[in-house]
Amino acid sequence: MSQLDILDVPAKVISVDRREGDAFRAILYAPEIASRAKPMQFINVRVQESLDPLLRRPFSLSDVNPHVGTIEITWMVVGRGTKMMTQWKPNQTVHVLGPLGNGVGPDFLENKRKLILLAGGTGFAPIQLLGVRAREKGVDTILIYGAKSRHLLMNTDRLKEVGCKICTCTEDGSYGSKGLVTDMAELQLELIAEEKIDPENLVALGCGPTPMLAAIENLFADTNIPLYISLESKMACGYGLCQGCAVRAVDPQRGYYRVCTDGPVFLAKDVELESE
Amino acid sequence: MSQLDILDVPAKVISVDRREGDAFRAILYAPEIASRAKPMQFINVRVQESLDPLLRRPFSLSDVNPHVGTIEITWMVVGRGTKMMTQWKPNQTVHVLGPLGNGVGPDFLENKRKLILLAGGTGFAPIQLLGVRAREKGVDTILIYGAKSRHLLMNTDRLKEVGCKICTCTEDGSYGSKGLVTDMAELQLELIAEEKIDPENLVALGCGPTPMLAAIENLFADTNIPLYISLESKMACGYGLCQGCAVRAVDPQRGYYRVCTDGPVFLAKDVELESE
Amino acid sequence: MDLSVDVGGFVVKNPVIAASGVLGYGEEYARVGNIDWFGAVTVKGTTLRPRHGNCPPRIWETPSGLLNSIGLQNPGVDEVITHYLPQLAQFDVPIIVNISGETYEEFQEIAKKLADCPHVTALEVNVSCPNVESGGMAFGTDPGSCYRATKAVRRSWPGPLIVKLTPNVTNISEMAKAAVDAGATCVSLINTLLGMAIDIQNKRPALGNIKGGLSGPAVKPVAVRCVWEVFQSVSVPVIGMGGVFSWEDALEFIMAGASAVALGTAVLVDPYAPKKIVDGIQSYCESNGIDSMSSIVGIAQV
Amino acid sequence: MDLSVDVGGFVVKNPVIAASGVLGYGEEYARVGNIDWFGAVTVKGTTLRPRHGNCPPRIWETPSGLLNSIGLQNPGVDEVITHYLPQLAQFDVPIIVNISGETYEEFQEIAKKLADCPHVTALEVNVSCPNVESGGMAFGTDPGSCYRATKAVRRSWPGPLIVKLTPNVTNISEMAKAAVDAGATCVSLINTLLGMAIDIQNKRPALGNIKGGLSGPAVKPVAVRCVWEVFQSVSVPVIGMGGVFSWEDALEFIMAGASAVALGTAVLVDPYAPKKIVDGIQSYCESNGIDSMSSIVGIAQV
């Protein structure tokens, strides 16, 4: 039993700024979390000191800097909590529980030559850190990123800087190609097929809305490329206590997985994507 | 039926600062309220945009500047709401309903040569504005002000500036004389008696904790000086709807008064001071 | 857009009603807001004789909730008829009179007096007040008593008849059915949840009357569940209430089965709430192509 | 200072217990906090056979409250005994096993299996779960059934026996009395209030299982009132719960009559809540010259 590896810390807000479109980014000083975090993990944040909103809000770590002790989250305003967070002020303290979730360990990229990242909307947030780490390891990385419209796209400069290939699309064509992530993924898969890499040396990970995940799962079904997906669900605790974040397992014996501790990253073939 | 003379306005916070001891002061830009307010009136403030705390908090107007459109409140931190208010930032907007309560109209000082103000703790807040107005009218004003200890006293400089006579006491002797407001009031009443002013030309007003009000009521019972008291009570609406702020009337036929609309200022002889 | 809806024998121009006990008789509210923002107004619980109400403290804040123990303070039905209703009738809004009796006979008597008053559109029978000793909630916690109280009113009041139900029961649907069987043309719910608080500083109950009624956003999930259940059990319109603070809340009730909602605590905290909520419903309907309220009433029922 | 208190046949070192359903079997919590901050821990509702739980979504936030419809997801009593309890027993904290049956016989059978397990200090009979179809809350809404369910457990379990009551009834005291008559040595309350929410974006119920149980600060006033009433009706100790988030909340329950409190939702939101609350009670007692918990239990009763 690994003990006391998750912490609830009062994190100092270093900065909050508006990014491209509707996205916001906060950098928080939380060295205990920064030093432990893996890509695709998340934190659970107390938005303000009040009983309403009552629950913490989960956000993926979009970047981590263990040397200076900071973590970064990137979010879109979709409701009350995410709106209140835009009012955070530098030097104020917010309660942050983390690092949470299984995340992606060092073995994830072992023997891999190419990593295919598929992101929709805010699903880009956790993908960013994974992309950076993959490039650090010299793994060829391609990001296929889409959203409904330009203002719902997050900034991908950081991945561009580290040499990640980036294909962006929007449903309304307001930025990048016009179309869905799957359209673009189909194209890229064809190109990759031409490279004749052993599927064992490839790996893909998707993060975004359920319909998108379902569509890419379909697409990858025809390949032998292992596909991982990172899920979201309503969470009460974020650390495995309440069973609230259940997602149905494909194996009926297994019943449900908890997104917060068994996930958020699953092998796509292990979970049933229910349309909520 | 006087209509639409109370407003709920989004007031801009001009400044929040810590005063002497534990007291805080905020200046809010609310010209509609500033232009209508009378001394001893109050406002009902939404502390933050959240459903917890749910109710607004009532605060007396400690100063009003109709020319620049500002109102001032002064408070002590006693619980969650008053604590959250210390975090208000300049330029943010807070919802303010007012002006509320009967307050003290122009006739209050008619024919008066001397005004005796008695304040305990935060009870000083509304008294300040009344003292200023009385001095503007040239009425001799004396303030008898007490608190448990020095850090619970509010700053009285403003009244000193306008030529108000000030006697301060603390129960623990940490500032001014050691003793209770009533001790000091007794002394002052004796001095006033020597001036042989017709009681009709005198008027007194007290504001503070219930035991203090009860004690001064006792003291004044032996004089013919009209004594007013300003009451507090738990309020849900502050503008007369809920009947929640009830205080028992001396006249049993009358039942209860509402502190928020029938008061907060009452003739001491009209209300029963119950020890909550 | 037309937001009007039938609530059991009368039509309100919009589905946002003032709940009983939070509007006085309109006089105070008119200093701050416009009474005709509301589709209808319900006056404070009216009893046969005047009542001074309960000992203070009467108010205590709880997380997202409000405990009150006002205790049906009101000037009595006669005074209400002669003095208050004519004044409230100046505003062109249907008036619902909430009535409370200690016996079946009292219910009938109050109703009879109000039947002769031209200003009353509907009666709301309060079988659910947690803040009075005799009668009050007792009528609403047993289907037989609920039936008899409603019937007593029905005998002397021919118009629209709303019965207001309490959530402090094992089975609220039973009560709704009893009310409808006895002639209710509408049911309203929920009245407050029975609650209390301790003032730990004084080591005693926070309210002078010990227990009180809990209202506000805290109770909304219970209220929505009650509306959902009652909608399935009776065929008269339902007025939903309990924690409606926003237009989203109002839609939650409407989709669960309420034809209209009532605002209690919200009016205390935010005088402009009725306007904001009506406007919000209006724009929701417009941007979602909904052209009558009735088309979304109970739409979430599965 | 000694914060220990008797809760009906066993003593807890402090009056802060983990409520059923929010601590799993300790494994996950141990990664964040110390299980022995608690005076005792209650495990998730345990059934005869394994249960996978209800369809998602299972969680919905409400104002100062939480709706859940987990549905007693658990590996079944046998697996709990062989695998989970030994693991939880590593921590030196009394274990309470919350059990739920669909029939009286099932209750008796589960209790029998647990009677042979050395790790169990007390049983908590769940006659109040709103989230399962058969049994569940039904046992707790009728005094006769409550009596029989308790009796069934009593037959095969000789130790401390807690009955957990539901607030979704007209009269909770009746249920408490029935439980005590059948042999309960303690009653715990409240389980969640039956509630629901509509997801207006999807125009359907927010929870996969439609209705759910409401917990958290929103329900505190109802819970305190229930503790107050039950304290007056029975002489066994009461474990109070429902929205305890701070040491002040804990004292509110204790002064109303609870010998100890349990934390549910608070643990989900703030893993360190038990420590903060125990420390807070400790310093309150020290600075107010209170030298035993029992001297303030029910002190607000008038």
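Here the chain labels run A, B, C and D in written order, and each chain numbers its own residues starting at 1.
Just so we're on the same page, a residue touches a chain if its C-beta (ideal position, glycine included) is under 8 Å from a C-beta of that chain, and two chains touch if they have at least 3 such contacts.
Note that the structure is predicted; figures quoted are calculated from it, not measured.
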Exercise for the section: Tally the contacting C-beta pairs at the A-D interface and at the A-C interface, and name the larger one. Expected result: A-D
Exercise for the section: Please identify which chain has its centre, taken as the mean of its CA atoms, farthest from the centre of subunit C. Expected result: A
Problem - Cα-centroid distance, subunit A relative to subunit B, in whole angstrom - result: 55
Practice task
Just give me the whole-number Å value for how far the CA centre of subunit B lies from that of subunit C.
Solution key: 36
Handout entry: Separation of subunit A from subunit C, taking each centre as the mean of its C-alpha atoms, in whole Å
Key = 47
Handout entry: Residue numbers of subunit B (touch at least two other chains)
Key = 51-53
Exercise for the section: Identify all positions of subunit D at which a residue touches two or more other chains, and write them in rising order. Expected result: 62-65, 216-217
Handout entry: Category of the chain touch graph - line, ring, star, complete, other
Key = complete
Completion exercise
In their shared complex, subunit B is touched by residues of subunit C numbered 21-24, 27-32, 44, 52-53, 56-66, 68, 70, 73, 87, 216-217, 245, 265, 267-272
Exercise for the section: Can you check the complex and tell me which residues of subunit A touch subunit D? Expected result: 1-8, 46, 51-56, 95, 97, 233-237, 239-248, 255-256, 261, 274, 276
Exercise for the section: Flag every residue of subunit C that touches subunit A in the complex, lowest number first. Expected result: 63-64, 217
Practice task
Please name which positions on subunit D make contact with subunit C in the complex.
Solution key: 62-65, 67, 141, 168-170, 193-198, 200, 203-205, 210-212, 214, 216-222, 224-225, 228, 243, 248, 251-252, 255-256, 296, 299-300, 302
Problem - Contact footprint of subunit B on subunit A as seen in their complex - result: 48, 50-53, 89
